[in-house]
Structure formats: structure tokens, C-alpha cells
Amino acid sequence: MQKQKFIAVIGSGQANASEIKLAEAVGKEIARQKAVLVCGGLGGVMEAACRGAESGGGTTIGILPGDNREAANPHIKIPIVTGLNHARNVIVVKSAQAVIAIGGSYGTLSEIGHALQNNIPVIGLKTWSLVREGKTDSGIISVDDPVNAVDIALNMIEDQPSRR
Amino acid sequence: MQKQKFIAVIGSGQANASEIKLAEAVGKEIARQKAVLVCGGLGGVMEAACRGAESGGGTTIGILPGDNREAANPHIKIPIVTGLNHARNVIVVKSAQAVIAIGGSYGTLSEIGHALQNNIPVIGLKTWSLVREGKTDSGIISVDDPVNAVDIALNMIEDQPSRR
Amino acid sequence: MQKQKFIAVIGSGQANASEIKLAEAVGKEIARQKAVLVCGGLGGVMEAACRGAESGGGTTIGILPGDNREAANPHIKIPIVTGLNHARNVIVVKSAQAVIAIGGSYGTLSEIGHALQNNIPVIGLKTWSLVREGKTDSGIISVDDPVNAVDIALNMIEDQPSRR
Amino acid sequence: MQKQKFIAVIGSGQANASEIKLAEAVGKEIARQKAVLVCGGLGGVMEAACRGAESGGGTTIGILPGDNREAANPHIKIPIVTGLNHARNVIVVKSAQAVIAIGGSYGTLSEIGHALQNNIPVIGLKTWSLVREGKTDSGIISVDDPVNAVDIALNMIEDQPSRR
């Protein structure tokens, strides 16, 4: 079975209007490109991205922190119940071949760290910038346009056979 | 979105011919009944169940212990990459609303314990029997027929609104 | 630094008087033998074992399921905060070189499965018996006396250089 | 039993000479102040901090990513074996009441994110700076002196009764 490409969308459960709009557009484009959306399964950025993906007929996976599948947002097709609380962040990024970060809570920051530690590319929309010893770290690929973010994610997966 | 019923199939990665046959029949019936199969994503009982489900057009989720989605058996449609090693067993059972155990390794035993601890029903085919202070524990519902196992699992999910 | 031997004591958070008595004696003997006690950090069997170990001047480690170190029983010297819920059971047994199981909840059963899966010896006091295809499984070494349980655990650690 | 204060020291397993020196001084001061050092148990910054703490007679806890306690650096007194790989980062920070970050790998970044998400203070020595929408985030308290870092950590624990 040819496996589909998996893209994680990460961001806060409490998102502002601009982040919600970006997330929905990202989710819609992921579905249009026939990729699978992975996220933390809850509200805010996660829910908006899933709503976009669902509107495009895409598959949505929610890696839930608690013990109850009912906590998933209504657009999650595949709820995964971990009971691991914050440690589930690691699974969100490891299950994806590229990560799109939208906005910037501290939970999102932990996911960016886990992704980069595992050599999984991170594309950022209005998210964190990282500075190390006075120099901007090049780990996060910063873009402005949601469709562009998905294009870059898919191209980076293509270019790295080990991640396909 | 009306969520489908999720059934976990648990069993050893090194299974004998009789267990393989049972697992394949269980997987096939899960797909025929339009439920989703969750498993640990590797070989043996897991792979046989997924092969059965795939032949019936079903959805198969593999909760992988390692860091590499390529370790999934070829019939897994949705690989979830945890990197958690044995702790991923907890996620396999929590993501399901009923569990079917086939054969009996110690890993399977840990999953039976986690399922019963979380009040998730366990149906057993040629698996462990549990004895506590000289009395057989009634936690595992032992059956002989794979189609019957799936029927019982689905009925138990139906009967318990909190698990639907 | 010569590391001490670590023994896990596992059992229900709701224990009866007989289990409490056994657990306290096991904890006391672990301390007398200069080994370290690892447990899940909560009440019942865990608390009784820690009380025994503390009375003997021993070190007690509690691998807690929640996010709050205050949930540890009052005899825990080293609280480890996991936030992993039931998945913390895996860490309790992996951190030990031998496991003593007292009484029999389903959580204890999951820990027995994880220990045997990882080739960590399990000594049982009034705990589960395991039967596979009509035959009693020899995985759990069943004993009646708490001091004897600790002796066997320490001898098994000695005999297996890879576990020291 | 009055519990001791737990401070996590986080940083790369491959550290440079300046980071090693800072880590050793931090570990020594943690021990001098009778606090307990928690870390990821491996080399680099972790090992240097443990060496400092051991020289001061302190207690050192290593939350190990793999399945083998022998992977702990030689200055770890309490090895905790998780088998969780990168997800063990969450346990390192949750088990502490304050975190001192030295240097800056991506794994360290993930731990900073998890700590701040859980409202655990982070004191930084030559580590990441965080910028969100063009503004520096105040989450990391940046200092230059290792003794000062430990003082701030202990004072912040004192000031927040819920963390003691």
C-alpha cells in the first residue's frame, strides 16, 4: 500500500482570528494535495486546520492528551487516545514527515524542538523565531502564505527519501 | 462526523499458524462490519489481522513502538510513530473501545491489564486465563470463533454509551 | 559510583489488611538489605511498602502518574513526576532489576506483563496466576513469605550480571 | 518527610568547554544548597552537572531515554529507566520545580517549551532566546553566572508555595 504523506499542524488551543484563518487554509490545502493532517486533536489552531481539511475531504488524525476520545474536535476522523498529557506532543511530530507551526504557545515551542531534534522540517506561519548566542537559528522556515507553507512541506518530504 | 467504532487486535509479533488464521479472520470481520482496526503495527498477529482488514477494505491503524514509520507492516494505512517502545501498548488499548486478544505473549498480557484497568472489554481467542487467589477472573471473555469475537466486541461497545 | 540494587514493589492502591502487612514487611526488608525501593508512588500496597522501607532507613522512589509531586505518599523520598497516567507503569518496572507483586489489581497485571516482556524477574505474594492454553505459566515466582521474596529478588539480580 | 527541592539541569549531550564548565559549577552549587539535581542522565552538560553535584555530596537523578540503566553517566545515583526516547524530556522537567538550561540543542529547546507550558521557571545560561512576532519572550530568565542561576531557581521555588 502506497502510504500518503503526513503533515502535522501545530499551534495553540486558544488561537486568534488571524491564526484561525491561516490554520483553516493550511488544512484545506493539505487535503487538496491528498496528504493526511496530524494534530493534537483539540481546539484553536488544531480545530481550524481540521475544519479546513474536512471541507476538502481529507483525513484528520488527532493525537489526544487525555483518556477520552470524546475530547477530540468534531472534525477529527481518527482519534488516537494516549492518556500521556504533554508527552503526546512528541507523537504528533514523530508521526508527521513535515510540521507546519502556526502562532506561538509554549506547547508549540516544545513541538518545534522535538521536530527539529528528529530532523523533521518545520515551516512557520507567524510563529516563534529562535535565536542562539545572538544569531537567528535557521531551523524554522518562515513563510507568510498558507498554500506556500504546504507546498514547501510536500517538497521537503519529496526531497528526502528517508521521510517518504 | 459520526465516528466509527475502533477495535484493537492484540497478540504476539511471532504467531503460530493457528493464531495467524484467527487474526486474519478477525481483521476481515472488523472491516466487514465497518469498524476500524487498531494494533501495534508490527508482524505476527498484528500483520495477519491487518491483512484480513485490508482484504475487506477496512481502515488499519498501527501504533508503532519505534521512531520509523517504515517499520509498519505493509497493510497499515495509518502509521502512528510514538518512539515510546513498550509504553505504546497503553495507546493501542486506550484508542480502542474493545480489545480482541489472540494468543499469548507477555506484551499481550500487559495490554490485557491496561485494557481491564481502563474498563475496556477484552475478548480472548486462545489467550491468557487469569487466576486470582485460586479463582478464575472473569475479566477476559473467552470465545473460540473469530466472527463471534467481533460480534461480542461490537455489541459491548453498543451497550456502553460512554464508549461509543 | 557503585549503584544500588533497585526492586519494584507493585500492587493495588486499594489494598486489604493482609496485603498491607506483606507490603510493609517487604519494604522493611528491602531497606535492611540496602536496596532501593521503586513504586508507583501512591497509596495502598505502594504506601505500605514505602512506610516499611522508611522505617528501615531506605530510599524510596515514586514514579507518579499525574502532574503533581504532592500526590506522592508521605514516605516517598524521590518523587518522579511523569504526567503519563497508566503509561508510567512501564517506567516503574523498567527502573527495577526485579519486581515483587503483592495482591492483584489489573494495573498490577499490566506491570507483571511489562516486567516479564522485558525479562525482569517477578516474585509474587498473593498475586495473579497466569494460565496459557491450560498450562500454568512459570513467569511469576510465587512465594508466601515477604523476607523470602526479597531474598529471591536479590539473588536473581546477583545471578544475572546484565541486570546488576 | 520534608521533601528536598528538585532542580533540573538541561543541555546538550555534546557540550563545548564553556558549557561543561558552567554545568559543573551549577551542579556543585545545587549540591551545596542541599537541592537534588534531575537531568536526562547522559553525557555533555548532564554529565558535567552531575560531576559537580557528586563532588559536593549531592543527589543526582538521571531520567534515561533507553531501556538500559548502564547508559547513565557515572555520576548518576538514581537512574530512572523509561524506554520512552525523546518523550522522557517531559519527565525531566516535570520532576523539577525549576529548570536551568545551559547551551542550546533542539532537545533542550523542547524541554524549555515543556517547562514553560507547565509554569515551571527556566533560568538560562548561554542558551536560546525566544522571539515571538518580533518581540523577545520573557519566559527564559537569562543570567551569566552559575551560582546566580541556582540562587534564582531556589528563590523562585520558595516564592511559589504550589511548587515547593
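Every chain is named by a letter (A, B, C and D) in the order it is written, and numbering of its residues begins at 1.
In this text, a residue touches a chain if its C-beta (ideal position, glycine included) is under 8 Å from a C-beta of that chain, and two chains touch if they have at least 3 such contacts.
As the structure is a prediction and not an experimental result, all values here were calculated from the model.
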Determine whether chain C and chain D, two copies of the same sequence, contact each other through the same residue numbers or different ones, counting it as same when over half of the numbers at the interface appear on both sides.
-> same
Report, in degrees rounded to the nearest 5, the angle of the rotation taking chain A onto chain D when the C-alpha atoms are fitted.
-> 180
Measuring from the mean C-alpha position of chain A to the mean C-alpha position of chain B, what distance in angstrom results?
-> 28
Whole-Å gap separating chain A and chain C, where each centre is the average of the chain's CA atoms = 40
Could you list the positions in chain A whose residues touch two or more of the other chains?
-> 67, 82-87, 90-91, 94, 118
Residues on chain B engaged by chain A in the complex (per definition of touch) | 1, 3, 6, 36, 54, 59, 61, 63, 67, 69, 74-84, 90-91, 94-95, 118
Can you name the residues of chain C that touch chain B in the complex?
-> 84-87, 89-91, 94, 104-114, 116-118, 126-133, 137, 139
Touching chain C in the complex: which residues of chain A?
-> 67, 82-87
